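Both complexes below contain subunit A, partnered by subunit B and then by subunit C.
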Partner chain A sequence: MAELATPADKRRLATLLSPAYLWLTLAVFLPLSAMLFFSFVTDLPQDAPDWAFTLENYGKFLENPVYGKLLWKSLKLAATVTLFCILIGYPCALVLARVIKGRAREVLFLLVILPFWSNSLVRIFSWAIVLRGNGILERTLEAILPWDIRLNLMFTTNAVVIGLVHSYLPYVILTSYLALQAIDDDIIDAARSMGAGKLTILRRLLLPLSLPGLLAGAVLVFVPVVGSFMEPRILGGRVGTYFGTVIEDQFVAVYNWPLGAALSFVLLAVVLLIFALTSPILRKAQT
Partner chain B sequence: MKSILTLTTALALTASGALADEIRVLNWQGYGTDLDWSLKAFEEATGHSVVHEYFNSEQEMLTKLRTNPGAYDVVMINAAFTPQAIAEGLVAPIDTSTIGNYADIPASFAEDPKLNVDGKVYGVPWTWGLTSFAINTEAWDEVPTSVQVLWDPAHAGRISIRDDAIEAMQLGALATGQDINDIEDLDAVEAKLAELLPNLRTFWSSENDWNQFMAAGELDAATYWSGSASRSAAMGLPVQFVVPEEGAVGWLDGLSIPATSEHQEAARAFIDWMIDPEFYVKWDAEGAPASANAKAMEALPDDAFNKAVLGDPEVVARVHFQAPIDDETREKYLEIWQRLKAAQ
Partner chain C sequence: MSSVEISNVTKTFGKARALNDVTITFEDGGFFALLGPSGSGKTTLLRTIAGFSFPDSGTIRIGERNVETIPVEKRDIGMMFQNYALFPNMSVADNVGFGLRVRKVGAAEEKRRIGEALELVQLGQFANRMPHQLSGGQRQRVALARAIVTNPKVLLLDEPLSALDKTLRVDMQIELKRIQREIGITTIFVTHDQEEALTLSDRIGILRDGRLVQVGPPREVYDRPNSAFSAEFLGETNWLPEAVLPGLSLPGGGEGFRFAVRPEALGLSATRPEGVNALEARLEQRVFAGAMATCIVTVQGQPWKLIARDRDLPELPANAPVWVSWAPEDTVAVPA
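Coming up: the complex of A and B.
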């Protein structure tokens, strides 16, 4: 910035940046501040003329142990889903970036992104068809295996995890792939020439160098999964009550926007807190 | 039947001096008032055209009435919410003398205290129905007579209820032998529901959902609404609606005229049209709830679900009609229901 001394440069910079800031204000700041406002009122101003400011909505989160319990359940779900996404996604990205070359890579890459082009609701309903009792999965297994199969996957926590992992896997693959691809081949060759084995190269070179990408992917998965409501509702059935579904209930079913908004901001605060606490550890791991 | 309609038409025409008005109706989408053929016939008969606006929840409907004075001429209100609308001065008393079909509504509906205050009528009973449960007839040797079968371990994992706090609590009240409108022992209901939840396959959320689960053979029994059950059965699903000995929860929908309406004459003509037997018989063929008009119910063919099941006086005697629920009770129910779900 130091070289942008002249006023003309500054003006040009402001003009060039203004669309981006305007967009951020319109798309992020305004809706969020409206929700923040709702979380501090007793009733929606357009519904009740006698609305007032209150902290009660946040008080309810502390008073009622159900919310804390569900938030914990959602965090555990997000951690599980993120773990599976990393375990499956990172090796995929590794193979894609370092082993496969040329046309095959493009085709495989397309296959990874392909699910992203379909609506997430459609994907979850497809899983419902596959997983449900006497569904595609059970019938296929029954045709292959001689004994009677009763998987009972549908309407379990496992079904929710399967659906979510499938939905969010491409994020981890894409970010890890970009980081892995950027690693200079010469470094690997140098390591190999000095006698490093495949595992050593992975552990000492590839993993540390691609860690920023992997972590970015993990964050991209973790945050939306904590607040997910559609997947647990459809695939989880009776056990599919999470923090996200309770927030959705407040907005859709009981029309209590202030409480729903307050719960959303509690979720946001908890997620930010987790990142604030873990970022020193993660930064250390990167160096 | 024709003569009734022409008479009504003549009445409406003379009363309004053949002035054509545009009336605005506030209702759920696709719920009887907005059928194309009926509106066309209504316009031909009375000259009044009808425009619709829709709501997605009772709270939204009340909000619209409060914030848009003069915008609506007829509003559909679940009778459990009518007292609130009356108390807030949102709806006007209705002069029933110009509504020809009103006389055919039995006193049990017409004199409902939720719709009448100080001898004035604030809502014309329109339709009613039941919330109970329906069974997959292929899974049962004989039709159960008690709601306790939902708790039967023999059907574990093959039961469903709707994810709705009020419906769940009222089901628990019926099963524990309590008054659905004044649940005294909430702990007993909570304990009873806690026993039910492990028996559930999943929650259902819409009629379409329900039909798919039944068609896939995933459920033996599930809570349901009478009008929806008749539609599902008409689709060919092996479904039978059960009104158990413990009783069922009844709801009543009424038509009211907002206090700020400027076309009250035309609004009354439309309400009369809505409770007319001829209209109802045609509507029922497409799947309708039961009509509050006794003559309209009589006019149905004998095999119609609404006549065969809900026309039975013995069944009607077992119905517990839903009273208004205040916000405090509603929140308490929701809290219990969320606690039960979170414990799963």
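Coming up: the complex of A and C.
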């Protein structure tokens, strides 16, 4: 196509694409550039007339080991949440796509999506009510079990993981469902006619053929969870300090925008680096 | 290799009766075609033999074993699907070797048998290709190799050639027949293409509304259909109008029968020929198609079709009064 484009075609193409590019410039490029600029200054230009360019914000990340530790903690959290989302979400998608048919599928699908449509803050506070000491979960268990229960879930890493898994589970279910549902029934029938049992079909056909969807879902979970701050803050309490909460503090509490911006770009760089390193492995797994 | 015996099999889906008291035997080593319009139950019958669905009543025997309650994984069948259903994530060799791997035959044995199967379908040098790198005909061959590599008791083909274009289809028909003869496997295939059924099979079963209407060798079913449905479904038929019957020499007396003539049994002439059945007609149209020609004539107001070698037809103007004639033994009689 591109080789055949005449100058008139190119002009038309530019005209047609300009709204999209304009939107991308306004919504993505300009704010990101502003943040990148902030990350290299000593102070915000509108606040301090004596601002200057500096690398100090990035230097702080390297000097103070706390930031590195928190970033590592955030990455571990994201890995844990992604793992649980896959372990719970993929079997759900499998059952939805390959076992349940007709109306029941639509109803279950709606139930998967429904929490997704509710406000995330409401969702997390609901979890707080369920998980807190003498909350809904403990009372229910006490009513069922004869002995005393002290789960002590609230304000722990476990609570943060539970809240995040619940919030991000639909991503894995949706992407895996789409990939699984696209697999031709005849392929499964063919495998069965050759004597393959359910486990063989899952391992050699369903899993490899739906892997792109599963990986897409995993990425959609991993990236936002690394930078999450709301769920750790509410459900984690004292232990809920992560890289994301530190960044948030810089913007809303400490009002140190340059440091917040620098830490955000460190996070972005680390996430991109992880994908760059894993992409050859992922690409190999897909073929 | 085994014979397949179906006895009194009935299968219903909700209220619809997909198979209605079907009894049929597929002999060991035979090439059997199940023919019928869509919705006639032919695919249901094939899937019931395969073990994807189970009959409500009746028995199915493959070889010495009753299999009607055994699921497909344990029936030891080979099946080829309409769209080939190759595994897109595996190479040709892995596709063919899938069933062997499931049976745990061992790496060396697996490799040897994959090679043999690919040689048989003449795809030896394509072992490492991926399915999307193959042409339609090559995929077809891979699907066939994959279906027979485990030496199944019976080979089931679901509309095996319908996705190929005409020339390739004819090549594959010959190829399929050759391979089936070579390994002598009992083969049952479903098709709605009557030409394919006639070319490939040594026995044909015609299905209608879940019932088996007629079973027999292709020539017998074609020449002596036992019902108007069989006659019309297999080949083309020109029905004789009631009014002309008294003047003709017909097989079996004539009471309680309907009579028809196949288009290729008819001759066309300007004058009435002697010693054969002949009817007055009007030539409507003559369509030249190389070696053969098709004529549409009107007999007693009914359109009839006539197929003959073009050089055997006399030059006649359109709308000319003509005689159509046929040998009395070429008359097809079916119970009315």
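Everything below uses one rule, namely that the second predicted complex is superposed on the first by the 282 of 287 C-alpha atoms of A that agree within 3 Å, B and C clash if a C-alpha of one lies under 4 Å from a C-alpha of the other, contacts with A are read in each partner's own complex, and residues count from 1 in each chain.
One rule holds in what follows: a contact is a pair of C-beta atoms (placed from the backbone, for glycine too) under 8 Å apart; a residue touches a chain by one contact, two chains touch by 3 or more.
Fair warning: this is a prediction, and the values are worked out from it, not measured in the lab.
Applying the stated contact rule after C-alpha superposition, one finds that A:Arg132 touches subunit B and leaves subunit C untouched.
In the superposed model, A:Thr25 makes contact with neither subunit B nor subunit C. By the touch criterion defined above, A:Thr140 lies against neither subunit B nor subunit C after alignment on the C-alpha atoms of chain A.
Contacts of A:Ser33 after superposition on the shared chain: neither subunit B nor subunit C is touched.
Using the contact criterion defined above for the overlaid structures, shared-chain residue A:Ser118 touches neither subunit B nor subunit C, since it reaches no partner. In the superposed pair of complexes, A:Thr278 makes contact with neither subunit B nor subunit C. Using the contact criterion defined above for the overlaid structures, shared-chain residue A:Gly197 touches subunit C, although it does not reach subunit B. Judged by the touch definition given at the top, the superposed model places A:Val254 against subunit B, while subunit C stays out of reach.
No residue of subunit A lies at the contact with subunit B in one complex and also at the contact with subunit C in the other. Residue ranges on subunit B touching subunit A, taken from their complex, read 57, 59-60, 63, 66-67, 164-165, 197, 200-203, 205, 216-218, 330, 334-335, 338-339, 341-342, 344. Within the complex formed with subunit B, the residues of subunit A that make contact are 46-47, 64, 66, 69-70, 73, 132-134, 155, 233, 237-241, 246, 249, 253-255.
Of all residues in subunit A, only 184, 186-187, 189-197, 200, 204-205, 208-209, 287 touch subunit C in the complex they form. Looking at the complex, you find that subunit C touches subunit A at residues 50, 52, 71-74, 76-79, 81-83, 85-90, 98-99, 102-103, 146-147, 150, 156.
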